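Next come the structures, one after another.
Same chain, two partners: chain A is paired with chain B first, then with chain C.
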Partner chain A sequence: MRWGVTAPVLLALGVLMLATLPLWGTGYVLSLLFLTFMYAAMASSWNLISGYTGYVSFGHAAFFGIGAYTSGILLTNKLAHVSAPWPVAVLVAGVVAALLALVLGYPALRLRGPYFAIAMLGLAEAVRVAVTLAEPLTGGGKGLSLPPALVDVPAYYAMGLLAMVAVALTHVVATSPVGLRLLSIREDEVAAEVVGVRTTLHKLVTFCVSASIAGIAGGLYAWKQSYIDPTTVFAAGLTVRAITMTMFGGQGTVWGPVIGAVVLTYTGEQLWARFPFLHTALFGGMIILILLFLPGGVIALLQERGWLPRSRRV
Partner chain B sequence: MESAVAPTNALTLAQVAASGILLGGVYALLAGGLNLIFGVMRVINLAHGELLMLGAYAALGLFVLWGVPPLLALALIMPLLFGLGLLLQRLLVSRVVRQPPLTSLLLMFGVSLLLTGAAQQAFTTNFRSVPYLSGSVDVAGLALSLPRLVAFGVAAVLSAAVYAYLRWSRWGKALRATAQNPDVALMCGIDVDRARLLAFGLGAALAGAAGTLASFIFTIFPEMGGTYMLKGFAVIVLGGLGSFGGAFAGAVLLGLFESFAAYATNAQAAEGVAYVLLFLVLLVKPSGLFGLREG
Partner chain C sequence: MTAPARPILEVHEVTKQFGGVIAVNGASFDVRQGSVTGLIGPNGSGKTTLFQMISGVDRPDRGTITFRGHSLAGKQPHEINRLGLGRTFQITRLFGQMTALENVMVASRTAARGDAEQRARELLEFVGLTALAGEYATNLSYGQQKLLEFVRVLAPDPDLILLDEPFAGVNPAMEERLVAHMRDLLAQGKTFFITDHEIRLIMALCERLIVLDHGEVIADGTPDQVRQDEKVIEAYFGR
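This part shows the complex of A and B:
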C-alpha cells in the first residue's frame, strides 16, 4: 500500500504550493489557476450527477449562470439598499442554483437518461432566455456591471477552496454507500429500484449538490470579473468543457475531473487564443476520440498500467 | 415569424394558422429523420441539427457559385448527406450501438461540436440567406408566403414518399422490423447492420433536404443546428418517438403553437414555446401524443 503514504504527502505538498502561490507567482499564473480551479469545480460538479448516476446534464451552464447573476445582483444594490458582503452573495448563489435544480430536477429526473439529457438542453436555454428577459433586474442582453473590485487574490483562494470542497465531497460520496447507490443507478436503474434504492431521491439530492457547486463557481466568477452578460455566463462552452474535462480524466472517478481541468484549461486557453472557432471542433473531436478509444479516461488507463490502485478512492 | 398587427378577426387567425402549418413542413422532414434514426437504432442523433446546417450551406454554395436553384440542388444534396450518414454510422455509431444509450448520446454531441466548429472556421459566423423565391400567393383570401408554400409542398411530398417506402418496400419493412426488435429481425434473416446503415443514411438525407428548404426560408449560420435539433425533438416527442406518421402531425402542431405564440407575444417568446412544449409533453406523456408506447 505505497499509495496510502505517498498520496497524502503529494496532496499536502500540492496544497502548500498552491496556497503560497500568490506570494511568488505572476498575475498570469494566478488567473490561469483561478480558471483551472473554476473548471475543476465545474467538472467535479458535472461528474457528481452525470459521471456517477449517468444522467447527462447538458445544461450545467444554467447553474453557473444563475449563480453568477444571483451574486451579481446581490453585490450591486439592485435589490436592497446596500450591497451584500461577497461571502453571503456567493453562498446565496449556491442556494439559488440548488433551488433551481430542485425545481427543474423534481420533474425532469423522473425521465430516463436520454430524455433527461434532452430536457436539460431545452431547460438551460429557457433559463438563459428568462434571465435575458428580466431586464430591470439583470440588465438584459447588455449585461450587469458590478462595483469594481480588485479581488484577484481572495478570489483565487475562494475558488481554490471551492475546487477542494468539490473534490472532497466527491471523495466522501465515492467511498460511501451513497456512491454505490448512485453507481447502481448508472448501471441499471430498474435493478437498483428493485433492490430498494430510492433512485429519485438520490438523483435529486445529487443534482442539487452538483448545481450548488456550479452556482458558487458562477458567483465567484461574477465577483472577480465585475461584469457579466448572458452569453458569457450561460455559454454552452462551459458545459462542453466540464463534460470534456471529466471524460478526459475519467467519469465517475474522484480525481478524473481534476486531471481533466489541469490538462485542458491551459490547452483550452491556448487553442481558444489561436483558433477561436476551431477550438469548438477540437473539443468535439476530443470527446469522440475519448469515447471510442479511452472510455474510462486517463484514470482507467493508469489503472490498467498498474500505476494507480483500482479503488473507488481514485 | 412576423407578428401581425391587424385587429383580431377570423381572417387574421386563419392567416396565423396557415403560416403555422406551413412552418410545420420543414420541421416534419427534420423530425422524420431524427425519428427514423432513433426508431431503428435507439440513438438520439444530437448532430441532426448540424446535418441540416450542412444541407443549408450546401444549398447556399450551389446557389451562389453556380446559380443552382435549391429545389434542383435537392437532387445532389440528399445523396451527399446520405453518404455522410453512412460514414457516420459505419465509422462511429456502429461502434457504440451495443453500449448504454448515453455513450451514443455523448458521441453524437461530440460530432455536433465538431461540425459546428468546422463550419464556423470554414464559413465564418456571418448570417446568410439564399435569395430564392419571394412574394406571396393569394389562396382563398389568405396571403401565403411563396417560399414557405413551396417548402411545405416539397416537404409534404418527401415525407409521403418516405412514409410509403417504409410502409410497403422490402427494405422499408426491414427497417421497421429492426426498429421493433433487432434480435428477432436478425433471426428472420434481416441484415440488421445494413438496415441500421440505411436508416442513418436516410435520416441524414432527410436532414439535408430540410436544410435545403430552410436555406431559402430561414437564416443560415453555423450554430443554427442546436435550435433545430431541439425543435425536431419537440416534434417527435409531440408525435411519439419512433412513429413516423405521428411526426408530421407533431410538426404541424409545433408550427401552429409557434405561430400563435409569435402572434400573441413576440418572436423571442415563440422560440421558447418549443422548449416548454417539449418539457411538458415529456412529463405528462413520455410516449408522445400519438405514440403507441415507450420502447
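This part shows the complex of A and C:
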C-alpha cells in the first residue's frame, strides 16, 4: 500500500483509539497520555520557532508557566468575584503567552545563535522571579491552589485537541510558502532577507503563535492539576524535554516532535518506575546518545533509508 | 542616434568605513537601464562592500544610493528586493537543506504555492537544472550552485540584477551557459551590474566598466577606454 493511502488510514485509526480511550483505559494510562499530549504540544510549539527558523529557545517554559498562572488566576476568584469558565481561562492564557512573546521576542529575536538562546534562558528566569514576587496574585513561592476539580477526562480531550491543533498548524506551515520562508531563515538569514523574505515579521509572528500553544498547554495543566508553583511550571526541564523530543523525532518536521513526545514520555516513565534513583542520569545519557547517533532525528533516518517519503508533509 | 538609457541605479558620494579601514571612499556612478555594467578592481578594492550597501545588507556611512528614483536609505534588504533589485553573493549563499526547487520558490513573489512552484520549475528548466529540482542545494556541484543562485535571483522578476563574481570557480562550459542566459535576459530588458575577476569575460560582456581601487572610483567608461587608462593599468600591474 502506498504512503498516501496508508498514512491517513493509520492516522484515523490512531485518533479513533485515542478518542475512545477514556471508555476502556485506566486512570494511569489517561494521565500518561495527558502528559504525552502536553509534551507533543510543547515540542511542536518549540519546533515551530526553533526547528523551522533555527532560533533555539532555551526559555520556552516561560510561556508554559505564564499560561499556567494566567489560567490559574482566572480560574480562582483573584481578579474578579467569580472565576472564569475553563475554556476562557485557557484561551486567555494563550493570548497572554503570545503577548509576552511579542514583548520578549521584539528585542531578543534580533540576537542570533547562542546569544538568543541565552537571552531566552535569562528572560524566562526573569519571568519566573516576577511571578514569584507577585505574591498577592500568584501565591509567590508557596504556589497557587485552584478550585479542586475532577477533570481528568475533559482535560485529556482538551490537551489531545491542543496537540492535534499544534500538529495541524505545523502541517499547514510546513506545506505553505510560509514554511519555506521560515526554513530559509534557519538556513541563512541574510540570504533570506536579500531574496525578499520579511525575516523579522516571520520570526515574530511564529514566536507568538508558538508561545500561545505553550501558554494554552500551561493553562490546561493548571486546570487539571489544581495546584501550580513557579518551580514546577517554569522548570527549565520542561524546555529541555521539548528540545530533546523535537531533536529525537526531527527538527523542522511535522511529526518529529510527536514521535519524540510519545517515545520519550513513555521511556522516561519506564526509567522512573524501574530506576527511581538513577532515572534522571539515564535520561540524560539517552539525550547524549540521541545527539551523537541521531543528529537529524528519527524522521531523517527513516527518510535516508527510504522508509519514509522525503517530503515536508512528514 | 538614440538617447542614452536613463539610470536605474545612482550611487552618489558613498563612503563606508570598517574600523580604521575605508572600504569605499566617496564612490559615485550610475548604472543605465537595460545595460550590462561591470565593476572591477583588485582584491579589497571595495566591490563587494558596494554590493552589500546597494542590496541593504550594510549601510553607507555617507552618501546616497537611489534605485529607480527611490532612495534606499534605511531600507531593509527585503524591501530593496521588492523594489526590483536582486543580487547573488561572491560565495554562493543557498539554503543548503532545502531542495533546488524550494530555493527558487522561496524567492518567488506569487502568493499561491502552486504558482510559485510552476515559476520555479520554469526557471530551473531555463538553466537546465530540472533533473536536480528535488535535490538538496548542498548536494549540488559548485557550478550548479552558481546557476541555482542565478535563477533564485530571477524568481521575483527583478529589473536590476547584481552578480557578485558569477564566474568564480565555474568551468568554461558553465560559464558559456551563464553568459548565454544573461544575454537572453538582457534581450528581455533586464539590467546587470557585475563584478568579477574574469577580465576577459567582463570586457566582452559589459558595455561600460567602473573601476575601483582602494574604495575610490578611478575610471568609468567603455572597456576600450578603461583598458587604456593609466590609473587602471597602475592599479592592476603597479608602476
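To be clear about the criterion, the second predicted complex is superposed on the first by the 296 of 314 C-alpha atoms of A that agree within 3 Å, B and C clash if a C-alpha of one lies under 4 Å from a C-alpha of the other, contacts with A are read in each partner's own complex, and residues count from 1 in each chain.
The criterion applied here is as follows: a residue touches a chain if its C-beta (ideal position, glycine included) is under 8 Å from a C-beta of that chain, and two chains touch if they have at least 3 such contacts.
This one's a predicted model, so the numbers in the text were calculated from it and none came from an experiment.
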Partner chain(s) touched by A:Thr175 [first = chain B, second = chain C, both, neither]: second
First, second, both or neither for A:Val153, with chain B first and chain C second: neither
Chain B versus chain C as contact partner of A:Gly285, first or second or both or neither: first
Partner chain in contact with A:Tyr115 - chain B first, chain C second, else both or neither: first
Partner chain in contact with A:Val262 - chain B first, chain C second, else both or neither: neither
Touching partner for A:Ala126 - first (chain B), second (chain C), both, neither: first
In the superposition, chain B vs chain C on chain A residues touched: B
Which of chain B and chain C A:Arg198 touches, first, second, both or neither: second
Residue ranges of chain C in contact with chain A within the complex: 55-57, 76-78, 81-82, 86-87, 89, 93-98, 102, 105-109, 111, 113, 116, 134, 152-153, 155-156
Contacting residues of chain A [partner chain B, same complex]: 54, 56, 58, 107-108, 110-111, 113-115, 117-119, 121-123, 125-126, 129, 133, 236, 240, 243, 247, 275, 277-288, 291-292, 295
Chain A-facing residues of chain B, complex: 44, 92, 95-96, 100-103, 105-107, 109-118, 120-121, 125, 226, 230, 233-234, 268, 271-272, 274-276, 278-279, 282-283, 286
Contacting residues of chain A [partner chain C, same complex]: 175-177, 180-181, 183-184, 186-188, 190-200, 310
